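In this document, chain identifiers A, B, C and D correspond to the written order of the chains, with residue numbering beginning at 1 in each.
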């Protein structure tokens, strides 16, 4: 049997590549433990993302001529507005990433409030986001309806495919387009360390082997390669070198389309309208 | 001293190889935490197994001309019946894997109920399983008797050998044949990640090194190589490439017998009847 | 500055190598969680050590002509007596490893009872142990005095040196000789997995790199290389291949002395008597 | 866009390298669990740092002609005074590392007391420290003011940069200079194991790959490479070989300045006074 999952991407591309950054800054730490608000040592990992991670990644993206999508919680928009402006000035997409990065999947009302409050912060910074990514991929049953109600084009929180698909809501109406990700294409399982929850820190070659193997096969299948990074992790000196190497690897393949989440979702919506997916 | 553990496999094979898939789908997540029923983000990892994992693995097995055994919980049979039918249509074996993937080793009554309910779901899909694998290898003292009472030919839940052996029940009667496995031949310790219980995600080369080293030696000993995979893990793009590479490696050895669990158990039972094991 | 820690080993050897096996069998699992007595799945990992691990390791040691030391809890002596007899028949040393592998470092009375009960089990099997190793290296302040009271020559539970040294008891009298180990020279941190406490499973090359690097430098320093293995871990097919490779590596170095714990302790005691250490 | 973070180091150096050792000894274990005071097995890992780690590292540093900074808790100063004297005699810097290595970030008063008590222990050993490093990088909001009040020149506890920067206190006055570190440049996440909190133990090549990749890029950026080690970890035989290899790697780069924390902080303060940073 054959099970074809390929997408007829624009301009004959065989594979779409999204470079995405969850720009959580301090919220990565405070959302898990409120006491961290008073721990400058713990917070300093998050601050790195704003202080050095974002500008050094923007420098690298500019050198490489690559578009990216930054998912930013409302708190980070309010407290690192200069970094948000820097991202926008460089022409990248900014997506919605909740207000405070809390995991509220078990509390749909809190999740909706987080959604709306984050939306307001983005609006105050002049951003009308087209896409949303949930913190840590935790999603309540009500989130997709909330997104649809606020007119979001796409979600990028789920892991049940390697190509985009359209959500159908409980009432049968259209929900957002899903742009799926997976933990193995996230930098956090490999390189995020905290003394409260120690995890192994892997060298670049381990991450590159996994990312390259996923890319090779998704390219062969014709899907979406949705890389999930964090300025406080991939913004470290050695990890920027990792991303450069990964980009160079991808560029050895013909017919690859580097795009923002919005570009991918819009292209997919057009294919859907034409009945091609 | 010499300690010979070799099995005189059919047709002069030196080693039997079972490719097995625990097709848990969503139950892998709900069996550990009931709250996950309401968490689409968590469930999406499980759904991947049904949505893409099974069809892409069937495609690969078909290309390679390989038989496989899928152990399927009753819940998954009921909720992903089309995938079960697909597996059967491709000629693979379906084995019993409890009803809801719950770990009930400390509650023999619940375990028996899980067993019977799962059997009923399989029967409704036209499957009379010959073998059983316990979720996560957790087994109560009563399980083997339950299996014998229901006429199952083999169990594949224990780790105390590298060749099949016959269980003897408490009353001295014959129990099922054991087809042993081991955590190092399972994909989950290497490539299953959840934010609630983070584990390292290893690259293919690490898994291949371990699996190849085990294979080389089991082949030398003359035993059973029982690979335990999951459609939601090994069904990921990069991991299908891993399985292809592992199969190509095994095929460089002469006299290897790729077989389903039922075929291995039946061959062993025949050897036992002839007094050869 | 120079800090010389070398030991003038017998026959001009530069480095002593001890291959030791903690033959815990089922007690590795029951000592941490009493419920595991009723979980055949969990116990099956421990049973592997008795069923296959010990005989296959004895086969390998015999092929290589190597002496080894097996530290065995009293429970294992009583319940796997045939394996203990096998070990003795092959000429290896059997050391003391508590009765039930419980961690009783916080309860000196329980520790002493574990010690005495284990000693009785060993005596019943005809073994008068010369050395002791504490389960998981957990030791109470009273243990060394208990060992001295029972006339043990050496302990191998602590990690504060790479050469043997003499313990001095609280009252100023001589305690046992310490034969130190370290977690990085133990197989369990790299290759023991349980679903209750998941740890990464590493390939042979990772363990070999660490063990070789430790060996090279301890050889250069002139100390003791005390390798701590378990039949249920290093007795797995692939890990026996690992040990063979490690032995072959060590044998490329001249002037290495493979010895049991008792031989090392006796040699060190002789050097001490001569004032050479 | 370009984001220049380079520092015009003295004598045209492109990158400053600090080799630092947190000489915790037993306090690494007792600060997390008071019961460990009565567990000689657990303590023996810490004792290794004093008994062998420090002298063997001093031997290596002397062979290589390298300066280092040892951050030492007051308890360790009092209980391993001979090792502190040895370090001073070799000409290395001794910095402040609290009194008992407790994590008191949530209790500013306890933190200040730990600070003052540690300062007194260092004074009794003839040390007036210029720098401080917090245990595990845990810092309360009040710590920087405490440091300023006691006249410390630099802190090395935070992770929000790769170059030094000046702290500004709540009242607008000058705080200490920060010499940042990061978990990926610490030996503990890779090579510290305890049975109470098991972590993977990685081979030298993994650590070297990460450290080399960080060095290459920090060198390119022109920052500070602040390596955080522990005598009980990097003092192990194989890890001293790792450090030798890392030093040899760094020395293949021209214009690298190996310096103590105090030298780096003083150089940076001079650049600040000249308005060059």
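The definition used in the following text is that a residue touches a chain if its C-beta (ideal position, glycine included) is under 8 Å from a C-beta of that chain, and two chains touch if they have at least 3 such contacts.
Just so it is clear, the model here is predicted, and its values are computed rather than measured.
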Which chain maximises the distance between its CA centroid and that of subunit C?
A
Fit subunit C to subunit D on CA atoms, both being copies of the same sequence, and give the resulting rotation angle in degrees, nearest 5.
90
Suppose you list every residue number at the subunit A-subunit D interface; are over half of them used by both chains (same) or under half (different)?
different
Using mean CA coordinates as chain centres, what's the gap between subunit B and subunit C in Å?
35
Touching two or more other chains - residues of subunit B
200, 202
Once you've mapped the touching chain pairs, tell me: line, ring, star, complete or other?
ring
On the basis of the stated criterion, which chains touch which? Give every pair.
A-B, A-D, B-C, C-D
What part of subunit A is in contact with subunit D in the complex they form?
35, 38-42, 44-45, 47-48, 51-52, 55-56, 58-59, 62, 86, 90, 191, 193, 195, 198, 200-205, 236-238, 240-242
Considering only the defined contacts, which subunit D positions touch subunit A in the complex?
1-3, 5, 105-106, 134, 136-141, 143-144, 157-162, 180, 182-184, 189-190, 197, 199-200, 202, 206, 209-210, 213-214, 216-218, 220-221, 223
